[in-house]
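Two complexes follow with chain A in common, the first pairing it with chain B and the second with chain C.
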Partner chain A sequence: MSINIDFEHKMHAHCETGTLVGLLRHKGFNLTEPMAFGIANGIFFGYFESKNFPFPTFIVRTRPGEVRTKLAKSLGIKIKDFKFKDPKKGMDKLDELLASGQAVGAQVDFFYMDYFPEWMKVHNNVHFINIIGKEGDKYIVSDSYHREKALLDAHSLQKARWAGGHMSPKGFLYYIDKVDSSVDLEKPIKKGIKKACRNMLNLPIPFIGIKGIYKFADKINNWPNLVRDTEHLSHEIMKINMFLEDQGTGGAGFRYMYATFLKQASEIIDDANLNKMSERMMLIGDDWRSISYFAAKIGKKRDLGTDKIKELSDLIRKQGDVEKIFFADLKKLY
Partner chain B sequence: MKEKDIYVEFSPQEIIYYAEKEDSSYGPVSSGAQLTANHLDDFIEKKRKLASDLRQQVINNEISPIYYYAVWLEMGEKDLATRAGISLRKLRKYYQPKYFIKMKVEKLKLFADVFDIPVANLFQNILIGNNAQEQISLKQERTKNEFYHITKIDLKK
Partner chain C sequence: MAEKNHADMALEVTQLIIDKLNITHVTADKVNIETPLFSEENELELDSIDAIEIVVELQKSYGVRINDELPTREILYSIKSLTDFLIKENATEKIG
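On to the complex of A and B.
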């Protein structure tokens, strides 16, 4: 079987937004990645300690899948999606959609994306790719994190689509059925901003939003008691940099992407206040980036005494203070 | 963050950041992944040391190979138990050598699939010496028999 859909592959900052805007672009709707992210109020913070993770962790965006569903609802995009218990049915459906010329988004476990280097392999069930063709027993993949289109063999794709575990993909596929590219973005932008402010300021859960940032600042002081040895602590501290910068956030834990959304929004709805907020968010991003650099520095040097961990904790707490004021001011606009 | 301050040359992993461009607009900038570019060697060295420590613990019968891979691949125990279709209690038993040796092949295969390794690798560690790594390539290929892999050792071209 040989299918090669004429699909424009591009790299994006983040897999879920990148996959989505790629499919929208394919349907003639040129929505930017930051705009998709912002309208779907993707910006977030959460601190988690769970047996699903090998170590305490934090997240900087909303639950995976929500950007797609919220954007679809906000802009009236019709999405057809599928889940499959039976891998054979799931792979057959994929082949059927491809044969009909449909580019398809899929949720996969990142671990099985064999076109990435070995040192990047990590089990993460919430990676999103577009599948845009098939050559023999290999699928043509448009992955936001890969410079070019990639080939992935059917065996690996099947394992990736039906990997079990936390937030299992369950063979999830979707495609864009209908989209109105002339949709007015003003209301969705304002709605997205309001919801983002609510998520960061008002959710009554102690490890979510601004409270989540403070929780992270507190709990990191205990990390030295949770590790096997200094090497382990170094690894976990340096992962802070990785999660903020290099794992598909656009830099600074999505704060740079959100600043770009606010800037683009200010132009679309002609609101100078939003432009000012975008500049503030860019500076907030710079401070998160400083935290990333600090974490990488002390991690690499193994300079991980109580004083340095406390210094890191204080930097994170300060981000909580700054973002609290920021989102409170942003909330006042709409 | 300004566009000119972001760029790092690192072709093995390129990513998209958002930054302020020269014309004061904000937009996507392609760059090498900064953390990886600056710290990949440290990351790989840490993983190597961890593998070595864990390997010694397996040899000493202190941990099972299941625990080795769970830690090395940084898997949460609830996530791993769910992927293997077993309870947390059972997973913790399998972390211990005395229960590992009683595991049936089908159960071992479930774990091997999660770790993406041949079942045989739960009973061996194939190491290429430091001096030979530049010259030797090692591939473990699937066959139609899902319990049987071919390990190919060859000179790199």
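On to the complex of A and C.
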């Protein structure tokens, strides 16, 4: 079996949005990655402490998959998706879709993406790729994090699609069934902004949105009491850098991506106020990047006295103050 | 000021990284500018934590913000891609 779908491969900042805009582009709809993220109100903050997590954690975007479903709802995009208990049925369905000429998005465990070097491999069950053909028993993959199209053997792909554990992919596949490339973006943009403001300012949950940033600032002071030793604390503090910069966020915990969305939105709907908000969000991104840098530095040097953790906490709290004003001002626009 | 060529600029960027990260085991002229920056093969022996330091330093030194418009990982792929980015952004003179 040899199928090679004519698909334009591009690198993107984030795998979920990158996969989605790649499939949309393939169907003739050129939507930028920040625009997809913004319309789907992907910007977020949440701080979580739970028995289900080995250590407190935070998120800077909405749940994996939500950008796809919200964008589809907002723009009237018809998406067909599938999950499979039986790997054979799931692999057969993929072959069937490819044979019919569909480029297909898939959720996978990043660890099995053999085209990346060993040192990059980590288990992450919410990586997204596009599968765009097959040569013998190898699939042709367009991965937002890889410079060129890549080949992945069927055995690795099957393991990646049915990896176990938290957020397991369960063989998830999707493709774009129908999209109207002439859709007017103005209403979806404004709706996306309103929802982002609501999520950041008004959800009545004490660890979500701005309240989540403040919760993070408070609780991080207690992290030294939750760890086994300095090595463990160093690892957890350096993960702040990883979550903000190293997981396809576009930098600064998706704040740069949101700033780019606002800039592009200002041009589309001809509203100079959005451009000003974009410039402010870019500066907020710079401050998150400073936090990321500070966390990486003290973590790496094991310079983790209570004064440094307090300094980190103060920096995070200041971000809460700044984002609270930012989203309140953004909310006033629409 | 005369325009820097790609090789001079690549050497300057390599030296900046070496200085900023206090790397002592290799000199700038011995670094292959095409080898992936964060791979085991790269002479600079960087880890992912160093990436943020490089990004912040480039912003301070050349006034460029590396964000999502071109994926960070594509810009940070190698010294060559970093140099290409700075030349494309017309940011070849240090400001800080």
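The working rule: the second predicted complex is superposed on the first by the 329 of 334 C-alpha atoms of A that agree within 3 Å, B and C clash if a C-alpha of one lies under 4 Å from a C-alpha of the other, contacts with A are read in each partner's own complex, and residues count from 1 in each chain.
Note that a residue touches a chain if its C-beta (ideal position, glycine included) is under 8 Å from a C-beta of that chain, and two chains touch if they have at least 3 such contacts.
This is a predicted model, so every value here is computed, not measured.
Colleague: Under the superposition described at the top, does placing chain B and chain C together on chain A give a clash or a fit?
Modeller: On the shared chain A, the partners clash.
Colleague: Return first, second, both or neither, reflecting whether A:G165 touches chain B, chain C, both chains, or no partner chain.
Modeller: Only chain B is touched by A:G165; chain C is not.
Colleague: Would you check which partner chain A:A296 touches, where first means chain B only, second means chain C only, and both and neither mean what they say?
Modeller: In the superposition, A:A296 contacts both chain B and chain C.
Colleague: For A:T19, is the partner it touches chain B (first), chain C (second), both, or none of the two (neither)?
Modeller: After superposing on A, A:T19 lies clear of both chain B and chain C.
Colleague: Quick check for you: in the superposed arrangement, does A:W119 touch first (chain B), second (chain C), both or neither?
Modeller: A:W119: touches chain B and chain C.
Colleague: Using the superposition on chain A described above, determine whether A:M11 touches chain B (first), chain C (second), both, or neither.
Modeller: It touches chain B and chain C both.
Colleague: So the two structures are superposed on chain A. Out of 6-14, 24-32 or 60-68, which stretch of chain C collides with chain B?
Modeller: 60-68
Colleague: Check chain A for residues that touch chain B in one structure and chain C in the other, and list them.
Modeller: 11-13, 33-34, 117, 119, 144-145, 147, 238, 241-242, 245-246, 250-252, 256-257, 259-260, 282, 285-286, 289, 292, 296, 300
Colleague: Of all residues in chain C, which touch chain A in the complex?
Modeller: Contacts found on chain C: 36, 38-40, 48-49, 51-53, 55-56, 59, 65-69, 71-74, 77.
Colleague: Applying the document's contact rule, which stretches of chain A touch chain C when the two form their complex?
Modeller: 11-14, 33-34, 117, 119, 144-145, 147, 238, 241-242, 245-246, 250-252, 256-257, 259-260, 282, 285-286, 289-290, 292-293, 296-297, 299-300
Colleague: So in the complex, the part of chain A that touches chain B is made up of which residues?
Modeller: My answer: residues 11-13, 33-34, 50-55, 111-112, 117, 119-123, 144-145, 147, 155, 159, 163-166, 168, 231-232, 234-235, 238, 241-242, 245-246, 248, 250-252, 256-257, 259-260, 263-264, 278, 282, 285-286, 289, 292, 296, 300.
Colleague: Inside the complex, what are the residues of chain B that reach chain A?
Modeller: Residues 1, 6, 12-20, 25-28, 30, 33-36, 38-40, 42-44, 46-47, 49-50, 71, 73-80, 82-85, 88, 113-114, 116, 142.
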